[in-house]
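Shared between the two complexes below is chain A, which has chain B as its partner in the first and chain C in the second.
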Partner chain A sequence: MTKAQWRFEFYRTGVVIITAVLLSLLIIVLVSDMPGLAIKLFLTGPLDSLRHFGNLVEMVVPLLFTGLATTVMFTASQFNLGAEGAFFFGAIGAAFIAVNWNLPPVLHPAVAIVWGGIIGSVFCGIPGALKVKWGSSELVSSLMFNYIAFFLGLYLINYLLRDVTAGAMVSFPFANSSKLVKIIPKTRIHTGLFIAVFTVLVMGVFTYRTRWGYRIRVLGTNIEFARYSGINTTWTIVMSQVLGGFLAGMGGSIELLGMYRRFEWQTLPGYGWTGIIVAILAHNNPFYVPLAALFLAYMKIGSDIMSRSTDMPNEFVAIIQGMIIILISASSFLSKQRHKMIVREAIS
Partner chain B sequence: MTSDAVLSMEDITKVYPNGIVANKGVNFSVRTGEIHGLVGENGAGKTTLMQILFGLNQADVGKIFFNGKEIKIDSPHAAIAQGIGMVHQHFMLVPSLTVSENLVLGLEPRRGFIFDKSRGIHITQELSKKYNLKVEPDMLVRDLPVGLKQKVEILKALYRGAKILILDEPTAVLTPQEMVELFNELRQLRDEGNTIIFISHKLAEVKALCNRVTVMRAGKSQGVFNVEDVTEEDISRIMVGRDVILRVEKDVAQPKESVLKVNRLTVVNSFNKRVVDDISFSLRRGEILGVAGVEGNGQRELVEAITGFGSYGLGSILIDGEDIKQLSIKEIRDLGCSHIPEDRMSYGCAPTLSVRMNLLSYKHNRREFNRRFFLMHMSTIRDVSTELVKEYQILCTSTEQEVRCMSGGNIQKVIVAREFSDNPKLIVANQPTRGIDVGATEFIRKRLVELRDRGAAVLLVSADLNEVMELSDSFLVMYGGKINAFIEDVSNFNEEKLGQYMLGLKSQDVDEIGRALHD
Partner chain C sequence: MNAVFEIVLNPLFAFSVLRVSTPILFAALGALISDKAGVINIALEGIMLISALAGVIFSAISGSAFFGLFMALFFGGLVAFGLGYVSLKLKTDVILAGIAINLIASGGTVFVLFLLTGDKGISSSLASKLLPKIDIPILKSIPILGPILSGHNILTYFAFISVFLVWFLLYRTPLGLRIRAVGENEHAVDSVGISVVKTRFIALIISGVMAGFGGAYMTMGYISWFSRDMTAGRGFIALAAESMGGATPLGSMLSSLLFGFFDALSNSLQLLKIPYEFVSMLPYVATVVGLVIYTTQKTKRMHRMRIKAESKKEVL
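== the complex of A and B ==
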């Protein structure tokens, strides 16, 4: 895309977001018995206290990873939805290291995170490999793999890592050395934030400034042209999925080591799904992933806070997300305005 | 002039989403029973104007009149309803459907509610016979070479029975025989009272076929002329703004050692047919070897085998003495082989990436474009692209423009620029000037000769006989996957005989063909 097109897409995305927010406000007004309070909490809740602000940032971190993961997989035109499974299973991998190993601080989480990433990359890599080997749709296989990740993961936790003395189905506690350090008092914001921001920059540079990123982009636009350009398409497809899986797995590990004392997820945490929306909202551009993640996290935290004190359920945020996906992917949305804008510029 | 016009477009202005003004106040009108030529350089706005007429594009300013009444054409559907048909420059066919399914798409013959497949095939055969454009009704469109796709497009438009038929560069890949057939057909359609709008870069065709011609330049109409009143030179001067010489000045070739050696090559396709059948030839440094022949006689498979795009069963291909059978496309490229593919949109470019990124392509691994820490050298990439765009006179707003938004000829120039700029040892050029305007064709042909003189070996595959004869030092004629003739000296050969070789009515004896393999 040229600069002007990016500018327009930016504007368009802004309008989509505003539309989605306005529509959700309308829904609140229609559904809630206390619309004033609900709207106030929804819109300003995430900023009304340090703790709430902390919640917001805490949620942004995993979304950055899953958003980046999906972004790189989508850039290769592979509709791999495996970030959810890779996130979950990566976290399980990290849990094993956090519980069983004895390493000095810093090194301990680092090893656990890399290990989680490796496990995640296997998870997203397999649908990619199946695609190039047998032509099976990565969309279908990655979706099914998410369930394999989930049940296999629970099995492993249950039989190998479960602390029977704890009341619930949770793992043994993590070694203290394995945890990510909290950086802002009164919140749970942890050093994972730094890793996340750094990863965003790395992925942006990777996509637009390195030859591997170039290969993935060429592959994603025209696979025949990629072949013609001497790019090893099989390898590039698999590697892009492996990289996506690595990011998601890293994200899962960081979330676990930064926010929890034991492994205690009983369901898929959902960051992978939201990561897909992040990627769509960011137009698969890593540099826009933080904005998209921040927005979605804001909506989610806002509605959580709202649901705690009002009669609005927090599932309501799903409506907003659905709306955003529809509006963004409707390529003709606002195209008239765009055209007018351009004609005006061109003729004058 | 507009009084007797059946259809006229007035004051048409079109701005594309990227800000390019493709048409500026264009007036264009056609009469009943004429063949109207539309010519202009690449990017002059011909396709855009016709797409507006066909409802694929909307004009921002301007009106369209049909039989004196203003009409709105906001979709191809509306255009077809008015009796307007169009054959597109970049095909609009459904790749996963068969030829006959594509042909009748939207007007399917039915039995009850169900698509009547055999009637579809029957219709296709009838049409194909009637218009003498041979197609296989059962083939999937995605498996067809461009020449055949073109024929399907033409038949499709004819089937819809257009009163006004727009042909956007229909002859770019047809053979001389097919062209003659098509022209006769078009003349007959005209005599029956239909109107035909004919876009072409081959002015000789325009002279031979059209009654009047509209010349466009940089989005504006330069006027309408009766074809009798102007010469080809006049037209190209109005079009380009200077005199154009298509005759390439070239010295006699000084061939050196062989670069490419093809030895008893046989390619068997997925239908178990020998599409390339035991052919041998060599190509030397400093010569241009043409490959002539009716499209679909193994040329494509030959090119695919040499460039690493397709595999081959028997025989060997040596580039610089190295057997390429096991080599990847990249490794073959690294031997110094560049490749202009016949189908530029499918193979030659990444439409949604920028000119810059398209010029990079297979060179992205090169040291000059890479810095330390795995980073690419963005400023070098930018500078090199800017150079190339200037050198090859590629019309684009900037090197960041998406290739998708350029005119067909300019996309071709991007590909040519990329492939020629690399000091190639061996150039496999498949239809290198397809759809390129006269000025650019002149330029590319000169370049090819220059590269030859600098020691490159050029394999020129072209359906354009003139081009083959004009450029080659010697050439092969392919028929049915075999080499049917080898013409060593282009300057003295018998044109009639050539036609017979191309159609397989005659062939040289083994010894004569054997001369194609030097040393």
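== the complex of A and C ==
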């Protein structure tokens, strides 16, 4: 994209975000019996105490990983929606290492996170491989793999790692050495935040400054051209999906080791799906992933806080998120302004 | 293993295969129609969910199951129209628009349910109605066949009838010809003065109405209440069924039955001492395997055709 186009996309994304916020307020006013309090909590809730701010940052961390994962998979023009399953199953992998192994601190979570990433990469890599080998739709197979990851994961936890004495469907507690250290008192913000920020930088540089990133981008823009220029498209597609799965799996492991004492998820946590919205909001640019993740997390935490003290259910956020996806990806939304801006750029 | 055979050979099992295949079949036919028009409708999942809730709400309000069904179909068509509007008019990528609709459906149905009943999980406080079951007079008394084929919900019969209806629509009517032509080559269709956008709109709306039937069946036949995210990927499985069925009505029906078979099997095997997680995985694994088998066959067939075409060229 040229500079003018990026500037336009910035402007347009801003319009979409403002529209989304106004739409949320409208829904609250229409539905709630106490709109004043609901709106106040929704807009300022995440910042009104250290604990709530902690919740916000805690939610940004997994979204950075699933956002980056979906970004790299979408950059290759593959509609792989498997980040959800890879996130979940990566966490399962990490749980096994965290419970069963005995390693010194630092090394223990590191091994667990890498192992979680490797497992996640399998779950996103297979739909990619099926696509390039036989042309099976990666969309459909990645959706199926989300369900497979979920049920297989629950099976492994309940039959191999379940702590029967705990009274709930949870795993044995993780070894203390495996947990990520909390860095800010009174919150659960953990060292995973550093890994996440570092990964954002690495992925940004990878996408825009290395030949592998360049290959993925060329491939995503025009696969015929990529093939003609001698890029091994089969290999590049599979590798981009494997990389995406690795990031999602890492994210799942870090979320688990940073936030939990045992494996206790009984449903898919949903970060993979939100990660798709993050990628769309960030226009598949890793450097913008943090902004997008922060916005979506802010909205989610705000609505959670609101729903706890008012009559507003927090599910309406999903409606707003859907609207955001549609408006951001609607290429004819504000297309007249786009035309004007590009013309102005060309003239000046 | 013997216990598994006992379950599968029981007429009750065949009955339940037809029962669980019904929503998948409706959605697969919906997927087929939009696919023929060259649009991938991944919003089927969300449309089914919205229709399922609409059926419950409107049958409870009106006291009439058929009015509930009508509103379920209406909402199915309406949401598909919305999908058409954002993808054809606003030029949103249709897959992203589908993801958006699924998201809106998942949160929006719970939102509406909560506003109406104060409950976020289940609609049991709404006195919704069920669509009638039909006993087929003579067939009913035939052993084995009777218990399998008779006594189904009216929509189950309609699902199998609509396999024929969809075939007729696509291959025997001018509209069907247009839909297929738009999917094959939109520029050719455009050049003879047929509106591509309008044809795709019509195909999408029919597709949405089919998914609406599936949704209505979920809450007014399969079970009698709405619960959050109750479609559990059936819309996605339907996409796989359509693609594995080679994008034909009959093929979609057969592969829907195959997934129905695994779905029913997973329901029955839970009675045995097989871990439920393992069994719940079956339909999804079957879908991936089926999809791969179908696509490998297709690549082989295309490869063979190419070789044939090349050898012909050499002879000439």
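To be clear about the criterion, the second predicted complex is superposed on the first by the 340 of 348 C-alpha atoms of A that agree within 3 Å, B and C clash if a C-alpha of one lies under 4 Å from a C-alpha of the other, contacts with A are read in each partner's own complex, and residues count from 1 in each chain.
Operating definition for what follows: a residue touches a chain if its C-beta (ideal position, glycine included) is under 8 Å from a C-beta of that chain, and two chains touch if they have at least 3 such contacts.
Note that the structure is predicted; figures quoted are calculated from it, not measured.
Asker: Just from the overlay, do chain B and chain C fit on chain A, or is there a clash?
Answerer: Chain B and chain C clash in the superposed model.
Asker: Which partner, chain B or chain C, is in contact with more residues of chain A?
Answerer: The partner making contact with more of chain A's residues is C.
Asker: Between chain B and chain C, whom does A:Tyr214 touch in the aligned arrangement: first, second, both, or neither?
Answerer: A:Tyr214 sits against chain B, while chain C stays out of touch.
Asker: In the superposed arrangement, which partner chain does A:Val31 touch: chain B (first), chain C (second), both, or neither?
Answerer: So A:Val31 only meets chain C here.
Asker: Touch check for A:Ala330: first (chain B), second (chain C), both, or neither?
Answerer: A:Ala330 contacts chain C only, not chain B.
Asker: With the two complexes superposed on chain A, say which partner A:Lys40 touches: chain B (first), chain C (second), both, or neither.
Answerer: So A:Lys40 meets neither chain B nor chain C here.
Asker: Quick check for you: in the superposed arrangement, does A:Phe316 touch first (chain B), second (chain C), both or neither?
Answerer: After superposition on chain A, A:Phe316 lies in contact with chain C alone.
Asker: Between chain B (first) and chain C (second), which does A:Tyr228 come into contact with in this model arrangement: first, second, both, or neither?
Answerer: In the superposition, A:Tyr228 contacts chain B only.
Asker: Between chain B (first) and chain C (second), which does A:Arg261 come into contact with in this model arrangement: first, second, both, or neither?
Answerer: neither
Asker: Clash-wise, after the superposition, say which stretch of chain B runs into chain C: 200-208, 236-244 or 272-280.
Answerer: In the superposed model, chain B runs into chain C at 272-280.
Asker: After overlaying the two complexes on chain A, where does the chain B footprint on chain A coincide with the chain C footprint?
Answerer: In chain A, no position sits in both the chain B and chain C interfaces.
Asker: Note which residues of chain B are touching chain A in the complex, please.
Answerer: That would be residues 13, 15-21, 60, 309, 328-330, 333-334, 339, 341, 346-354, 357, 360-362, 364-365, 369-370, 374-376, 378, 397-398, 400-402 of chain B.
Asker: Applying the document's contact rule, which stretches of chain A touch chain B when the two form their complex?
Answerer: Listed in rising order, the residues of chain A that touch chain B are 1-5, 205, 209-212, 214-215, 217-218, 221-222, 224-232, 335, 338-339, 342-343, 345-347.
Asker: Where on chain A does chain C make contact in their complex?
Answerer: 31, 79, 81, 130, 134-137, 139-141, 143-145, 147-148, 151-152, 154-155, 158-159, 273, 276-277, 280, 313, 315-319, 321-323, 325-326, 329-333
Asker: Chain A touches which residues of chain C in the complex?
Answerer: Touching chain A from chain C are residues 40, 42, 86, 89-93, 95-97, 99-101, 103-104, 106-108, 110-111, 114-115, 120, 233, 236-237, 239-240, 243, 275, 277-278, 280-281, 284-285, 287-288, 291-292, 294-296, 298-299.
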